[in-house]
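Note that subunit A is present in both complexes that follow, paired respectively with subunit B and with subunit C.
Entry: the complex of A and B
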């Protein structure tokens, strides 16, 4: 490893401010507070301009100065720059003037926003000399670590709750990763992984690599602001599992302001959870600045984290930006998935259903005013959680290959559409 | 049979790199006091000025989070296993 740390300066505890070297370490030895990367913003300012960014390839790495790798990325340089879709039909259904979908259902290569964080984590792991990478996952992260490790020639261990959706399990196994199903929920997987990470010299992307990993989520916010014509949206609705994505999107807007890439206009960050696992939204609605851990029970398995590591910081971000949190039931999640699919032709996973459902609620409650503009962060693809919705979308009408049988299933109105 | 406490990596500098430490049965509170008497400085790492477990420290008794039990008053009997684990990001 060279001494040049690029645009990074150190790791710093978010609680007490103690600084640490830029190694594979994630908690403050003093108070267990999470460590965060500190950047040299003066140096970044000289190198990162709108013009520079616009001249670069359309991937998340066009904001490379604000991502924590010392050299050039070596894993996942095609990741990101997913479409920001103007969702007029959904806007009408939800009763808001303007609505945008940040569509990470088509993120490369594993169809969720996790490719962003993994691209950073694995690039940094390589810089630090690791040959084996690992993660604790609710599914999407496992898929992404398995795929990106395969393409980079790294050994991968992924740890998941054993009751995950079938397609998320297959989507990890196919890359020949070591997939370990734990009989327990994600918080238990996490606990075990913390112990394994302490014992084995692996790069655990969301344990000892967490300070680097988490920063990858900022790219979603950078892209939103750039795609809106270098403007921060008035409202951003973000699903919360550990709460990390929410805090990092907020940070991305702050950094763009600090660097003068966007004008500083007020923004509101709203958090979305499933009612069956809503420690953060319950706390926000009760006006608390701490949360009570819960035991998850929801079809939104990718959000089923009962002890959210960034729960405190998420609550603070919502408070600081006058944002709100809400949660939705399993039925409302399925309705959200169908709404997005029927209005915009985008099939999202259960976490996306949570985000759409919560946006609908917040707009109905007036917490997102009908005259405003909002962005919904849709983080994963519906093909990954088919189990959750397959019995709720109807069935194909089956007929023999006969025109008469076909016409027998048409309504009179449909039948009137015959060519003259 | 004593109670076993699994010490996480960030605290092992204080326990002379001991990964597993034995304490007497009692409660989480008495266990932390006993750790402090043997490894001075460890208490303030685990609890804040008010004596409550720091918000980024998760403590488990036999794999159950003490916040689902009785927090510091959670009883510890012979043979129980205690894990102290930093909070982890999502996945």
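Entry: the complex of A and C
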């Protein structure tokens, strides 16, 4: 990577198509539309082959030509390439021929897919000369920015609502980030953070660095396709908060097809939300191409965005790929978490319960045909949202230190397994 | 005491500085026929500049730039919210999980 652009060409407005230099900027000055990174695919095609990718370390950076950094990455070298688990037991329970779990519950270092977007944003921030990085977050993003900034020696500011649970704050404070609690309701916190991002010369990962940050999500789609033997899955079920992950996984499949790295076969992108915050799924089910903002009320806090920035684009992707959206109640979310844990030994956060619950519904409705193959994107670890499930998993059976008492709680079948 | 006066002056100067704010306004159906932006222009000393807009039977969405004194912008946002208009920064989801 010899120049200051690498394989990137420009930032481009998703609304009007106007192009901008590859700087720390995120909206079009003309219509305030969001900016997106565009690449020089002819140049990439000359240098990126399956063989070359396979020869590289197993991290998300093996696709670096398709990620928005000009030179070599400098933050988050070990992020990504999480397991794609063949979930036969869960497939049987949900009634589908083949099922895969893209398991970002074990993504490095903070156990959520946010490490993908943050390592891209921070690598690019360094290239652009920033020394201080920031974000506004209620959980996973804050943890990831704090951890990745610490390992890169960057100063980090993390803005949170002041009433956030202490356990979530500890996960940022421990990395010595500057954590600032803001009093006020969601909209006020949101607006103040946008103002701070505009006023200070910092790399705000999900504001002025957003075009680069969002591209990190593509790595999840690249990995899925490679791990399936260079094939795009028939169905991908993706949780939706802002909707960005869904649009970027779709973009990743398109880019692999464009570069000839996979054969172009039809794929369907499905979106998953919690019923207590389902602006995108409600719009998709009603056949609308716009969403109506809602006030979130769900245990799936990591998906609780009532006005999703990429809602419109997510609806378009689902329409273009003949995909569907569904939503699940809090009880169905907990059931989804338990199903994944009981069948596959994977403990996911509430967003994962949403994805499993929605997949179950879509399969039962025939929207994902039982004879097909599907991938579920599981984006965060269950240890992050233990409070959501702790009163719903039963309690240990207590006994006194007595063999007789132990045997009294066994079933007749278990008792018969005593050694001869 | 003089120091106090100086700081008061400084605060007042900051309040009078002209700023630009980029916002998404989302109107519920009952407000779609109300000339909200015209009313806002009459009530506050602000320059309004619409950059995008989309209106249908169920929602009105306007991308608006407001320019003027910081305090007037803050008051205008409060007034809009009181009217029932949802006001988001142009970035929308700054606060993520």
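The rule is short, and it goes like this: the second predicted complex is superposed on the first by the 400 of 420 C-alpha atoms of A that agree within 3 Å, B and C clash if a C-alpha of one lies under 4 Å from a C-alpha of the other, contacts with A are read in each partner's own complex, and residues count from 1 in each chain.
Rule of thumb we're sticking to: contacts are C-beta pairs under 8 Å (C-beta built on N, C-alpha and C of every residue); 3 or more make two chains touch, one makes a residue touch a chain.
Everything quoted here is computed from the prediction, not taken from an experiment.
By the touch criterion defined above, A:301 lies against subunit C but remains apart from subunit B after alignment on the C-alpha atoms of chain A.
In the superposed model, A:179 makes contact with neither subunit B nor subunit C.
In the superposed pair of complexes, A:147 makes contact with neither subunit B nor subunit C.
Of the two partner chains placed around the shared chain by superposition, subunit B is the only one that A:214 touches, whereas subunit C remains out of contact. When the two complexes are overlaid on their common chain A, residue A:161 makes contact with subunit C while staying clear of subunit B. Contacts of A:135 after superposition: both subunit B and subunit C are touched. Of the two partner chains placed around the shared chain by superposition, subunit B and subunit C are both touched by A:290. Put simply, subunit A uses residues 15, 26-27, 30-33, 135-138, 140-141, 186-187, 190-191, 193-195, 206-207, 210, 241-242, 290, 292-293, 305, 307-309 to touch subunit B in one complex and subunit C in the other. Interface residues of subunit A, counted against subunit C in their complex, comprise 15, 26-27, 30-33, 135-141, 159, 161, 186-187, 189-191, 193-195, 197, 204, 206-207, 210, 241-242, 288, 290, 292-293, 301-305, 307-309. Touching subunit B in their complex are the following residues of subunit A: 15, 26-34, 114, 135-138, 140-142, 186-188, 190-191, 193-195, 198, 206-207, 210, 213-214, 241-245, 290, 292-293, 295, 305, 307-310, 312. Within the complex formed with subunit A, the residues of subunit C that make contact are 21-22, 24, 26, 51-52, 54, 56, 58-59, 61, 63, 65, 77, 81, 86-97.
On the side of subunit B, the complex with subunit A involves touching residues 6, 8-11, 13, 45, 54-58, 60, 63, 65, 67-68, 83, 85-91.
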